[in-house]
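Here the chain labels run A, B, C, D, E and F in written order, and each chain numbers its own residues starting at 1.
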Amino acid sequence: MFLHQKELQFEAKPDKPNPLIAKYLQELIGGQYGEMSVAMQYLFQGWSCRGEEKYKDMLMDIATEEIGHVEMLATMVARLLEGAPVEDQEAAMKKDPTIGAIISGMNPQHAIVAGLGPRPADSVGNPWSGAYIIASGNLLADFRANLNAESQGRLQVARIYEMIDDRGVKDLLSVLLARDSYHQNLWAQAVKELEEKEGTILVPSTFPRNEERLDIAYDFYNFSEGDQSKEGSWAKGKALDGEGEYQWLSTPKVEGKAPKLDPVTPKMYGTPPEK
Amino acid sequence: MFLHQKELQFEAKPDKPNPLIAKYLQELIGGQYGEMSVAMQYLFQGWSCRGEEKYKDMLMDIATEEIGHVEMLATMVARLLEGAPVEDQEAAMKKDPTIGAIISGMNPQHAIVAGLGPRPADSVGNPWSGAYIIASGNLLADFRANLNAESQGRLQVARIYEMIDDRGVKDLLSVLLARDSYHQNLWAQAVKELEEKEGTILVPSTFPRNEERLDIAYDFYNFSEGDQSKEGSWAKGKALDGEGEYQWLSTPKVEGKAPKLDPVTPKMYGTPPEK
Amino acid sequence: MFLHQKELQFEAKPDKPNPLIAKYLQELIGGQYGEMSVAMQYLFQGWSCRGEEKYKDMLMDIATEEIGHVEMLATMVARLLEGAPVEDQEAAMKKDPTIGAIISGMNPQHAIVAGLGPRPADSVGNPWSGAYIIASGNLLADFRANLNAESQGRLQVARIYEMIDDRGVKDLLSVLLARDSYHQNLWAQAVKELEEKEGTILVPSTFPRNEERLDIAYDFYNFSEGDQSKEGSWAKGKALDGEGEYQWLSTPKVEGKAPKLDPVTPKMYGTPPEK
Amino acid sequence: MFLHQKELQFEAKPDKPNPLIAKYLQELIGGQYGEMSVAMQYLFQGWSCRGEEKYKDMLMDIATEEIGHVEMLATMVARLLEGAPVEDQEAAMKKDPTIGAIISGMNPQHAIVAGLGPRPADSVGNPWSGAYIIASGNLLADFRANLNAESQGRLQVARIYEMIDDRGVKDLLSVLLARDSYHQNLWAQAVKELEEKEGTILVPSTFPRNEERLDIAYDFYNFSEGDQSKEGSWAKGKALDGEGEYQWLSTPKVEGKAPKLDPVTPKMYGTPPEK
Amino acid sequence: MFLHQKELQFEAKPDKPNPLIAKYLQELIGGQYGEMSVAMQYLFQGWSCRGEEKYKDMLMDIATEEIGHVEMLATMVARLLEGAPVEDQEAAMKKDPTIGAIISGMNPQHAIVAGLGPRPADSVGNPWSGAYIIASGNLLADFRANLNAESQGRLQVARIYEMIDDRGVKDLLSVLLARDSYHQNLWAQAVKELEEKEGTILVPSTFPRNEERLDIAYDFYNFSEGDQSKEGSWAKGKALDGEGEYQWLSTPKVEGKAPKLDPVTPKMYGTPPEK
Amino acid sequence: MFLHQKELQFEAKPDKPNPLIAKYLQELIGGQYGEMSVAMQYLFQGWSCRGEEKYKDMLMDIATEEIGHVEMLATMVARLLEGAPVEDQEAAMKKDPTIGAIISGMNPQHAIVAGLGPRPADSVGNPWSGAYIIASGNLLADFRANLNAESQGRLQVARIYEMIDDRGVKDLLSVLLARDSYHQNLWAQAVKELEEKEGTILVPSTFPRNEERLDIAYDFYNFSEGDQSKEGSWAKGKALDGEGEYQWLSTPKVEGKAPKLDPVTPKMYGTPPEK
């Protein structure tokens, strides 16, 4: 059960309206790694959690914080759209080339569909999708997904930070950068904790390793000409999982044969066989 | 530039046809974390690589291997569909309840659209989407995405392994399990290498930290009642990034005010103001 | 800003596991008119609200309630999936035709992707989409969207209620039916209030009517042969907007000409003109 | 069965080409509430209609009219694209900043994919989706969907009307505004007729109310701090359905317990339990 | 402008209800190559037609016929769903394994969302998408798209024809098979006519060939080991376009260099360069 | 199994960076008819091939070539994005209107998400979709799909060729134009070969024609007023399939009746019947 408090956790006021920045911030609301994604991802992970209570509680803490992040960004976008050049645009464009650029660069759905409000979509207008998120029931796997999400997220915030000049927006981005820093620390920490507890870095840790092809489980195959890949730490030495030894093969192992499929019933009307 | 060799790297032959297993394997072909996803993700990361040659070469090696994985699974699906009960289904269903279950459980597009061949889609029929993948230009961020992808991927393979009885399919899954083991080792190793090189676990490592709100960059906010989240290693002690000290706050910090949006031009025809 | 309370608002326990019911309930979680849709729709409407405070507050109240509904359904789905026949399915199918039907009817992603947890998707597996929702900045328009959403929602709950036998699930559905009843009352009431305040049923109420083609604003055109449409209350009498008089025309008015497009630059390489 | 008449019902000629307006009009063709949506929605409702003939006939009348609306808008877009600055754009941009703004603002698919013709997509390029529409088999529910669609539709037309200066386009928009007015009247009227006939405003009207939790069917729960929501007409007095009495509760009722999920088979390879 | 006639062009009555067949027929309504696709594709091609009137008229003739095909199939699906086992399913499943298979095989949205009516979606539930269709403004290109669509369409109808036993449904499929035959003839004929008129088989015919790399315009590159591809009619002899001579190269020509991308501004926060 | 060679097959270097051209080229990477589509389409056709080896080999040859085309375009896009005006945009816009136009026209995801790299998406940002491609198991059908894809593809390349001024990009487009020419020749040739072999132009060729409604298999129905469609070669004379005789009917044949659906169980809660 959730409760809503009217205050934003942090302030969300731009120095002045700017519909291009509003378009950029949509990536942080409804993009693949935006706040809708992390909120929903953590919620579904929490709701699926069959493990220890401290992980479930922590997931719900962060998930709930992230819904508030969507709120701050949605508010910021609404304010950035105030005063956008939406009326008699042709006349306005002729007067001033900068206004022309703003009109042509603005997301038209911000005006036509949302009446100068935020959209559940990314910076090019793709609607947010449930396909962005994962909740697998395996926390080590999912915490890696979360660490990735917060890494991509902070990266995108940092980029927008450099693209814009508005101090008010930058102040909110500073907050998001800090929270994404903490969340990277947090997920990396929780990953470390679980790896230690499960005794391996491999997900899933409990699958019996003798049922996988262990003889090929430490091979690097050189599928792309050139052997620079040999220089990496993944190419030789003790594997991180503590069990095997990496080896770099200049030519990929081949065991299979060229596949030849059998014909199926002619009632599927595939290409008829040669007579 | 790519070249194709006729042999499959590993064999892909089921003991006998089984359209339900064919449906499951689609998740590994065209699902969010299937082989199309990892192949495309590594390709775009390689093609975007502006950094050291060994990473680019390594990305192209693995990417190229993964296209071959799609091929093995596609071949397996084609063979699992041979002999599927596609003709005069009503009559067939009446004769045998197991056939009835197979008919009703089979993916109808395997017959109608693909004529008993594989589909670029997942186990419930969603077409594969470019929205599944990421190539950000920041390798540390992207290698975390890759570690996640291989973790989710191996988890899904392990689950299907337990769901089925077919030895031939299991043999291919053993191969995939092993390769996903290696690729988890590899990405974890590469992540470690980059973290050490960049001197921090935070992505992006070069963003000036004094431009983020450092005062809130180590706080855990207790947004969900109950304080079990306090028990985690993320709640106190030195942060993994080596700079701050985690702290757990029983009540979230609040700095913002309740937002009140200004009206916009009446020409957007929002709700008219109270008179 | 949001807070999370551990208790579910209402209980979410099935009598016994049942993966087919789990599949059905996904429609109520991630379908076009599921709880994710109403939660997100009301949130974005609230965040875009530039009008009176009571509407904004009310939107946030209901939105926050709905996030809790997603939580209850997600929990129910997780419990319905416990004990699903996921192992050695071929052997299990042979033993019992009912198990066979369950295996073939189950959503395979519930096992493979979510490890027996809920998905942010509908009953056939389409991921939830931001394209399902609307927040236009015009409350009368949006409250009509909401009334529709709660109507479709209650209808779907009622249908599932009849399809299943599980008392525990039915108890939760009884709750949802009641809340959807209230929310239908609420949105219908709010629509009535706004229509009275704005003095018309037309959205948007403030567009100057002399700039629309008033001469055709009350015409019913008989585009489909047969004249039963003439019997409706929309075909004659005073219009609901209080301004015009409905009229039924047996033949649609035609003012336009057959369109003939001009050629464009040959550099677009359309079909070359006849010589 | 359908027939096509060459004349457009109303004229569709812009004063002069303008690719930015062409981009805007795409929202009215292939957006969530564009003419493709209403045409398809009414067609599927008509085709699913198991009720009285007058509703089916009426649905087919309006649906057929709406296909003609798509035609008028598609024609208008084609004409707005004539003469668009598609050749040697770099040179053209340098000559004139207004042309620069047009080039950068234009939808590139209008040139590259459609050769200066209309697209089955919205103003930011999302392809039209069957997920936009509903046909539930319950006319009262669906007529509410229709009333919403015509409300959002007229709102969007009104906004574009203000954004542009072209008289020819505005003339067509005046027609659409008028037809959307009529269709709002029509659906509101049909809703009223059905509510009176079914004797309640609740959808579905025939579900036995004693099987829902009537004790919570009139409660407003204050989930968002602040009590402005108490001021609405939905908070006290006789409910619109004529049966209950609204009540406003300052604190949400809580009946459930904090959910704790049972473990599932270890073969799903979720997080292993603590030892 | 369109008109609707109540009669179906051909009868659409199944022998008896069957929800599995209803699920199959959805592919023909809302699949990639279903009737919604051809209807919409021909409409947009007609509306974009800047060429000779006979092509535009023909496109509108066929497009309008296809809307009627959607109607026949939608009606058939509605009838196939009558009497589906939607109530108290658990009890029903226990009684009869065939009913069990039907329940688990049925598309749940047919009941829950559509109340036993058709859906604008394919046989696995993907909503129809505007991304399925093309209207490029070049008729030769588009008629090839149409020939493909009618080929895939007739193939899918033929497959379903063999899968089912219902005579009534088969009668409608016989009609569709015949119409798809005609439409294949028609598009192939129109393609031939345009190729003769334009004097080449190459689309677009008017692009100056000296601006393409003519020296590589007739080469087959052997990218996949094995030289069976050499046996095809595409490997030697006069090219179909009447200009060049095919040649088969055992090794692909290579002109390019290994790409090495330049670094970009550090403000994009990509991977930092090696020191 | 695939191998990667570092060299690009052809060079991919623009004269100078240009983010607008980068946006256009995305259509050729991830659009409906871009290189990802043809690569994936030919791969799945090859993997599904149950027919003669020469077709399978040829499909794999071309598919593998096309993956290399994606690589060349991805490299070109990365280079076109170097030096894009991504920093302090507001200041930059004020200085120079051309830069303003570039900023507002640029795809924001090129900077925010990809850090100045390519995206698996089209020119307006829609992610590439598995729904774009087909592999039906019937080669004649699929080769027609391929001929269409190469026709649309070459058309789009030709259009972009005219839109831009950059010689380096044009050089790569010249290559693509030539390869698309060859591939059109190739698919047309293969289609011809198969048509001759199968003895008909109809797909599928083996469906017994007496099970289709032959009496209506050569009729053109005049569904759109005006009889210009009568002038086409499809309207009279021997049909291309060599069996029937085309005929043009001024009025469509009508055999069906107006459909009247039966009521379904009241438990689906459709509109209740009139009393």
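Assume a residue touches a chain if its C-beta (ideal position, glycine included) is under 8 Å from a C-beta of that chain, and two chains touch if they have at least 3 such contacts.
A quick map from chain label to UniProt name: A, B, C, D, E, F = Manganese-containing catalase.
Since the model is a prediction, treat every value here as computed from it, not as a measurement.
K.L.:
Under the document's definition of touching, what chains do chain B and chain E have as common neighbours?
P.N.:
A, C, D, F
K.L.:
Do chain C and chain E, two copies of one chain sequence, contact each other through the same residue numbers, with over half in common, or through different ones?
P.N.:
different
K.L.:
Chain A and chain B share one sequence, so how far apart are they rotationally when you fit their Cα atoms? Give it in degrees, rounded to a multiple of 5.
P.N.:
The two chains, chain A and chain B, differ by a rotation of 180 degrees.
K.L.:
Which chain is most remote from chain D in terms of Cα centres?
P.N.:
Farthest from chain D by mean C-alpha position: B.
K.L.:
Would you mind pulling out the distance in Å between where the CA atoms of chain C average out and where those of chain F do?
P.N.:
32
K.L.:
Just curious, how far off is chain F from chain A if you go by their C-alpha centres, in Å?
P.N.:
29
K.L.:
Report the inter-centroid distance (CA atoms only) between chain E and chain F in whole Å.
P.N.:
About 11 Å, centre to centre.
K.L.:
Would you mind listing the residues of chain D that make contact with two or more other chains?
P.N.:
Residues 1-9, 32, 48, 50, 55, 60-61, 63-64, 68, 75, 78, 86-87, 97, 100-101, 104-105, 111, 113, 115-116, 124-127, 129, 131, 134, 136-138, 140, 155, 158-159, 162, 204, 207, 223-224, 226, 252, 254, 256, 258, 261-262, 264, 267-270 of chain D touch two or more partner chains.
K.L.:
If every chain is a node and every touching pair an edge, decide which shape results: line, ring, star, complete or other.
P.N.:
Graph shape here is complete: every pair of chains touches.
K.L.:
Over in the complex, which chain A residues touch chain F? Could you list them?
P.N.:
Those residues of chain A that touch chain F are 18, 20, 23-24, 27, 31-32, 97-98, 100-102, 104-106, 122-126, 155-156, 159-160, 162-166, 223-226, 252, 254, 256, 261-264, 266, 268-274.
K.L.:
Within their complex, state which residues of chain D touch chain C.
P.N.:
Listed in rising order, the residues are 5-12, 32-33, 53-58, 60-65, 68, 72, 75, 78-79, 81-83, 86-87, 111, 115-116, 126, 129, 131-132, 134, 136, 138, 140-141, 144-145, 147-148, 151-152, 154-155, 158, 161, 174-175, 177-179, 181-182, 184-186, 188-190, 192-193, 201-204, 207, 209, 211-224, 226-234, 239-241, 244, 246, 252-259, 261-262, 264-265, 267-270.
K.L.:
Quick check: in the complex, which residue numbers of chain A touch chain C?
P.N.:
So the residues of chain A touching chain C come out as 1-9, 30, 36, 40, 43-44, 47-48, 50, 60-61, 63-64, 67-68, 70-71, 74-75, 78, 113-121, 127-131, 133-138.
K.L.:
Please output the residues of chain A touching chain D within their complex, sorted ascending.
P.N.:
1-6, 48-52, 55, 86-91, 93-94, 97, 100-101, 103-105, 107-109, 111-113, 115, 124-127, 136-140, 194, 197-198, 204-207
K.L.:
For chain B, which residues count as touching chain D in their complex?
P.N.:
The contact residues of chain B facing chain D are 155, 158-159, 162, 226, 258, 267-269.
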